[in-house]
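In the two assemblies presented below, chain A is common to both, partnered first by chain B and then by chain C.
On to the complex of A and B.
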C-alpha cells in the first residue's frame, strides 16, 4: 500500500454543515418534514382520520345504517351531530365514511401509481417507438375533461365504489405517467446511468435501483397531492350517485342526501362538507411540506442581514470598518474585504480580510484551488453574491473614488456593466437563450449609453467585429444556441466591453473552453486591454493562464491572501509554500516520465479553517509554531507580500 | 491470447441528421470516420483533440456502449463488434469506463459503498460480508478509508469521487479502462493526485488505459502512445514523447503551442502557431485534408487530395502532405519548418502556397 496515496486521498472528507447525522437524502428530508409545522398539522389530521376509520366500530355511537330516531333531529347527547333524513345518526355515519374516504383514496392512487410507474419508466427509458405509442395513448386519455371521463367510465362499468375507484384511477394515470416519464428522461441523461450500463447492469435493475430512487422526491410530493384529489373525486362521484351506494355511508353521498333538503335544513351539509374540506386540506399541507423538505432548503441568514436584503445586490453589514485607507491612485482599491455566509451550523467567513489594488491598465490574477475564495472575492467586488445566504461583513471596495459598498442598488446598477464589467466561466449563463445576440447587445447599449436604434445596432456590429467575430451583421440576428462555445464567450466579452469599462473582472473565462480556443480568447483579451487601456482582474485556477496574461498575481488560500507579487517574480521565486506547490503541480512543469506533484489534502471548509496558518496542515515546510496563532502578511504591503512565518528562512535556504 | 488488448479496425460512427415531419435523414454527422488503433496490455494510449473531434465517441465505441456504423472492435483477440445480450454484459467485467464529471457519475441517492458494489452485484460476486470486504478492499486500493463506503457522494470532494469511480471500475480487475477526461473537472493540485494513482494502479493491476483528454500536457505524462484526433480521424499517432516534443502534424503543433508555458517570460517571447477559427462541423468535413481550413502551412493540393498515412522512422504515423510534398519533411517534425507567416482571411481564400 502506498503511504502517500492513502494520506492524500483519505484526508479531510467534506462533512457538510450539521454533520454527525446521516446524509441519507431520505432521512434528511424526513428530519426536515418533522420540523415543518404546517405539514405536521396536516399529517396529524390524516392520522386522526385513519384512527377514526380503523376503529370506527368502537368510536361510532350507533349503527350507521339503523334508522333510530326522527329525521333531522338537532345535535343532542344521544346524537352528537343530529340525525339525517332517515333518522340515522350523522356522527356514526361520518365516522364510518372516513374509512371509505381514506381507503378509496389510497386504492385509487395506488392503482394509478402502479400502472403509471410501469408506463412512465418503460416509456421514458426505452424511448423510440415504445415511448411514442405510450405517450400518444396518454395524450388521447388526457384530451377528455377528467371528471367527465371518470363519470363516463363509471357509468359504463355501473355504479359502486369499486368501479368508481377504477374510473378515478384511470383519470390520474395520464398526469402521473407524464411526470414519471419526464423525470425518467432527465435521470436517464445522468452520467451515473451510463456508468451502470457500462458496468453491464440490466435495464430492469437500473430502473429499479438507480432511476426510481432519483425520481422519488417529485413523485412522493405528487402522490400526496393526488391522495387529496382522489378523496375529492371519490366524494364527487358518490355525490352524483355513481360511487358508494346506500345504505353504506360516504362523505360525498351524505352531502348529496343533505343537498336534497338544502332549503329546509341547510346546516345539514356542514358535517360532511367540513370533513371533506379538512381532509383535502390536510393532504395538501402534507404535499407542501414534502416539497419543502425534499428540495434544497435555503439557510436562514441572521436577522440583521435579512432585513433590507435586495434581489441582485449583496447586502453590506459591516461588523468592522476597513482598517486601511484606499489608495487614491488606484482604479480599484479593496481593503480588508470580509464576506460571510449563513450555513445550517451558523455563519462562516469565506473571504477574510482581503486587500489589494488594481492600477489603471493593470491585469491582476487571483489564483487558488476551489474553496480558496477567489471567485467570492470577485463576486463580492461586484456585489453579486445573493443575500441570503451571503453578505459582506467588513472592509471597503473603492472604485474610481466611490465606495461600492455604500452605494444603493440603483447607483450600483449605473456602475455595473458600464465602468465595471464581468464575464463568467459559462458564457451561456450570461446570455438569454430567448433573444438574439443583437437584442442583447443593443439592450446593454441602450441601458448605459445614448445610442439608440440604428446607431446602437451599428455599434453592436462594431463590437462583434472587435472581438474577432466574422460576419457580425449575420451573427447579430442569431440566437446564443446557434453559436459555438468559443463564439459565445466572444459575444459575452463584446457585451462586457460595450460601454468601454475601466475594469473587467473575468471569472475563469476560459476554463470551459478547448486549449486552442483558450489561447485565442487570451490573445483577444490581451489586445483589447492594450487598445482600450482597460484594467482586468483575472480569476483562474490555472497558473499557465496567469503566466500568459497577468502583470501581478494574488494567491489566495482559505479566504486569505497568502502571497502577492509581480508575475515574473512569483514564477521565478515563489515565496509562500502554497504558491510553490501550485507551480510544482502544473503538468507542464514535470519532466517526461516524472511523477506529477500533488498537494496533499484539500482546502478546508470555512467552518474548519485552522486557527494558526491555514495552509499548515498541508504544508511541507511546516514547523510546530506555525499552528500557534494566525499568520500576518509580511513584506511590502499591497505590492510584494507573503503570509508565512518561514518566508525569510526559506528564501535564504533557496539562495544558499 | 493476442498481443493487443484492444484493436479498432476502420471504425466508423455516423449519426443521422433527421429533418422534417417524417424524420427523413438529410445528412450524417461523421463523429468517428475510419479509425485504426491498437492498445497493448498494461499500456496507455492517450487520445487528444478538441471538442467535436470524436474522441469521446471513440471511447464509447471501443467499449460497445455505442454501436459502430462499420469497422471492427477486437478485444483481447476476439471480435466483439456484434456481441449482444448476456455475452456482452459478461464482457463488461473486463472493460470499464471512468467519466469526466465525478459529481454526476455516482448516484446521489446511493452510498459510495453501494455504487462500488454495483458491478459485484451485477455479476454475482459473492454476497453479504464477503462482498463488503471486497468493497473495502477496492476503496483502500484507491486510497480511501473503509468508512467512506457509508458516505453519500455529496459529502466527498471531486478528487475523492473520482477515486470512488476508479474503484468501481476496477472491481473485476479489468484488462481495459477507458478514461474519458478523468481529471479535467478537477483542480490542478488534485489532478496530479488522480494521475499518480492511475499510474500506480496500472503497475499493480496490469490494466491498459485508453486515456481521453484535451490537455496534451496531462496526456503526455500518462501515455506510452498518443493519438491526435481531428474531425473523426486520427491525424498523428506515435510514441508519446515523439508526439509531444517533435510533432509531425501541424494540428498537433497547434495544440501544443496553445498550452500556456509555466514561465511568463518565455510565454511572452514565444511565437504561437496560430490555429485560427474553430473545428468545422463533422456533418460537412472539408474536402481533401480535413485540417486544411485552419492549417498555417496549407498548400493547394491539401484542398483536394486526402493525405495518405506516412510512417516515420520513429514509428509515428502521420496524415499530412508536408512529409512528401512542399517542404517534404519526410518524417521530420513540423517544428523544423520556418515559422508560418500569419495569413489574413483573404489569403486563405486565394490559397497562397507558402
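On to the complex of A and C.
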C-alpha cells in the first residue's frame, strides 16, 4: 500500500512543498522559529548586543569612565552620541553597559531557574504535604507586588549589582515553580510513569527522562520572556540607585543621571532608554516566536482571500465562474462546490466539485469517514467556515432560488437560522456557557420573528416542550452546564427549529451521545420532519442511521462524491468499492462472534490526495490504471452516479 | 457564592501570616550587625545602637521578636519611622490615597485602551489593524515606565508646557490642576497595563471566536455586534479579568518609581526614601500593606470572576 501511494505521488509529477513533514517536533519547531520573521529580528538584535558586549573594548571609541570633554556635548564625529554630565563618551558607556544588561539577565534567570527546578520538581513529584507547604510558600511570595518585593530585599541587602540580581531572581521563583510543578504533576498522572514506577525505575530517572522533555517547550518560552523582564527589572533597580553603582555604567543607571539633568538637557535620556526598549523588545519577540513555533501556528491565507474577508461569513473567491445550472425544482441545489484551506504547505482543496440537490421534504444523507469532507460541505453551505483559513473557491449553492454564495453578509443573516438552520456536532460546546438556555433561544426568535418579551419566552418554552424537555420554564432559566448532554442536544435542536426552517442541516447530531439517547434523538428528528415538513441534510458516518432516516445517500471520500443513490439501492447494491467497504464495516452487518471489518488505512490529508482515484491506495479492487488520472462520476447525474472505473465491471461480477 | 467568599476570606489568613513572616525576616538579610546598620553604620553612636537593639528586641530570641512584631502588625502598627519618627501607618494612611488614585486612573486607561486594541486585533488576527495593535502592545511591554515618564516630561512639560512636570495637587484644592497633575503619571504607568490587557484579550478572543458556540451564534443569524459584543466578549473577558489583579499589583509596583520621577507624595516616594536610608519599619510596613492590598484585590476579582462565570457561581 505504501508503494502504491509513493507511486501515485511520483506520477503526480510535482511533489508538494512541505508535505515531507519532519517527524521530530523539535526540528519542526526550530524550522518554524527560523521562518518567524519577528522572532528572527529579535534574535539578531540579541546577538548584536552579545557581540557588542563581548568585544566592548574593541567597539568602544573611548574609555567609558574617562572624563574627556565638556559635559553634555552634542553628537559629533568624536563622540557619536555626545557626552554625559561628566563629559564621558555616551556611546562607549552604552557599549560597556550592554555587558551588564545581558550578564545580569542571564544570571538572574539562571538563579531563579535552578531554585525553581528543585522546588517545582520535588513539589510536583513528591506531592502531599511537601507539595502543600511549597505551594503555600509560593502563594505567599506572589502576594507581593513583584518590584516592591525586589526593592525591599535589595534595600536590606545593600546597594550593588549582585544584591539587586539576587533580589530580582527571588521574584521570578513563584511563577517558574508553579509552571514546573504543573508540568511535573501532569506527566506524573500519565500512566507510563505509573507503569515505570511499578517496575521499579528510580524517581530521579523518571524525572530526568520523562518530565524534563515535556517541560522543555513551555519553559523555554517562559525563560526568554523572563530574560526581558530581568533586564527591565535590573534597569529599574539601577535607576533608583540600588543596582549598578557609579562609576560603572548600566543602561538604567545612565538614565538616572539623565533624569537628574532633565530640565536642562531633556533629550539626553533617549539613547540609554532606546537601548533598554530594543533589548527587552528583542527578548519578547523571541519569546512570542518560540511560543508560536511550538504551538499550533495559524497559517496566513493568500492575500486575495484575506482581503475583504468578513467575520462570520465564509469568503467566496471563485477561481472560475460557477458552472452547472441549478435545478429550479429543488429546494437546495449545490453545483461544483469547492472549498479550500490555507495550510503551511499552501492552499489545499478539501471539498472538490460536490454537486447535489435536495428536493422539498427530502432527507439526504452525507456519509463518509472523518476527513471525507462531509462536515466541510455542510458548513460551506451555511458559509460558516471562518475566513481565514478557509474559503469557497468555486461553485454555487442555490437555496430557495437565491445563490447563497452571492449574498451579502446582511442578506445571508436573514436566511441563516430562519429558512436554513443547522444542528451542530457537539452539543457540549455549541451552546454559550455564559448565557441561559432561555436567553439563547429567545435571541434566535428575536432575530427572525416579531416575538418579543413574554411572547418570545412563551414560544421558547413551547419549543423546549416540542423537543421533549420536561419543565421547560425551569430549563429556560438554567445554564448549559446544568443540563445533561442529551438535553443540551435537544436544546440545540429546538434552537435550530425555532423559526421553522425549510432546510435543516444536521451534522452528526447523535455522535457525541450515548446509544439510548441517540435513538431518542433520531425518533425526535423523524417525527419533527413529518410534522414540520422540512427537508434535511443528515451528515453522519453511521450508515445504520442513514438507513433509518434518509431518502437518498451521498457517499463522500477525500472531498469528492464517490457515489450517490437512493437509500434502498445503495444498501442493496453499492457500486463504489468505498461504499461497499463502509457497508461491510457496519457493526450491524457482522454476525455474533465475527471480527468487525475495518477499511485498512486512513483518509489521506488534503495535501496528499492521490492524483488518480483518491480511494485507490486503500481499494481492494484496484487496477494499475486507477492511479493514472482523475476518475469522473458516471451514471445518471445527481440521481444515481458513481466515481469508479470498474463500476460496470464490478456490478456485472456481483450480478453474475 | 457566599461560601465561596467565606472560603477565600479564610484562605487569606495563612497567606498573610507567611507574608508577615517573610517581611519580618527581612531584618535577617541585613549584612553585619543589624542594629549598627540601622543606627546609621560606622558613625552611629553606642547609645543609638543600644536604643535600636532595645526597640527591636534584638536581644530576644527570634520567635519572641516575631511575636512582638506580629502583634503590632495585626493592628497595623509597624512602629515609627527611623527618619522622621512618625508612626509608619499614619504616613501610609495619608499617602495611600494618592498612590491609589494614580494606580486606578492608570488601570482605567489601561483597561479601556487595552481592551479596545485587544478586541480590534482579536477579531481579525493577521489583519493590518491586528499587526499595528501587536506592535503597539509589544512596545508597551518593552518600554520601562520610568523612561516613558521621562519622555513624556521632556515632550509635554518641558517642550510643550501642557502638563506640570511633577507634583500633585489634591482634588479638594483645585480639580483642574488635580487632573493635569494626574495625566502624565497615569499614562506612564498605564502603558504597560494597556499592553498586557491587549495581549490577554486578543489571545482569549481568538480562542473564543473559534469556539463552537460562536459558530452557533453566527449560524442563527447574529450580527457581528451581537456575536462579538455578546457571545464572544463575555467569555473572553473572564481570563482578562483574572489577570486584572496581577495587573494592579504590577501597577502599584511600577507606581513606586513613577511617583518618584514626578515627585508625587505617595507610597512609592515614601518607600524609595526609606530604601535609601534603610528605614526598616517603613520598608516593612509598606511591603506588608502592599501585599494586603494585593490579596484583597485578588479576593474581589475572584468574586467578580464568579459573577461572570455561571459555573463558578453555582458551586
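Some points to look at:
Heads up, the rule we're going with is that the second predicted complex is superposed on the first by the 490 of 656 C-alpha atoms of A that agree within 3 Å, B and C clash if a C-alpha of one lies under 4 Å from a C-alpha of the other, contacts with A are read in each partner's own complex, and residues count from 1 in each chain.
The rule we apply is simple: contacts are C-beta pairs under 8 Å (C-beta built on N, C-alpha and C of every residue); 3 or more make two chains touch, one makes a residue touch a chain.
Small disclaimer: the values here were computed from a predicted structure and weren't measured.
Look at A:236: by the touch rule set out above, it reaches chain C but stays clear of chain B. Of the two partner chains placed around the shared chain by superposition, neither chain B nor chain C is touched by A:84.
Contact with chain C, but none with chain B, is seen for A:156 once the two complexes are overlaid on the shared chain. With both structures placed on the common chain, the touch criterion links A:544 to chain B but leaves chain C unconnected. By the touch criterion defined above, A:585 reaches chain B but does not reach chain C.
In the overlay built on the shared chain, the residue A:210 is in contact with chain B alone; chain C does not reach it.
By the touch criterion stated above, A:571 is placed in contact with chain B alone, chain C being left untouched.
Looking at the shared chain after the overlay, A:495 reaches chain C, while chain B stays out of its contact range.
On chain A, the positions that touch chain C within their shared complex are 136-137, 139-141, 143-149, 151-158, 228, 232, 235-236, 239-242, 252, 255, 258-259, 262-263, 266-267, 269-270, 273, 276-278, 280-281, 284-285, 288, 298, 300-301, 306, 309-313, 382, 384, 386, 388, 413-418, 421-422, 424-426, 429-435, 443-444, 447-448, 479, 481-482, 492, 495.
The residues of chain A lying in touch with chain B in their complex are 1-2, 5-10, 12-16, 23-25, 190-192, 194-202, 205, 209-210, 213-214, 216, 369-370, 470, 484-487, 514-520, 522-523, 541-548, 550, 567-568, 571, 581-583, 585-590, 592, 594-599, 602. Residues of chain B touching chain A in their complex: 50-51, 63, 65, 88-93, 96-97, 99-101, 104-111, 115, 118-119, 122-123, 140, 142-145, 148, 151-152, 154-160, 163, 165, 168, 187-193, 195-197, 199-200, 214-218, 220-221, 240-241, 244, 254-255, 257-265, 267, 272, 275-276, 278, 345. Looking at the complex, you find that chain C touches chain A at residues 14-16, 18-19, 22-23, 26-27, 29-31, 123-127, 138-139, 141-144, 146-147, 150-151, 153-154, 158-159, 165, 209-224, 226-228, 230-231, 234-235, 249-250, 252-254, 256-257, 260-261, 271-272, 274-276, 278, 280, 283-284, 286-287, 290-291, 294-295, 298, 308-311, 314.
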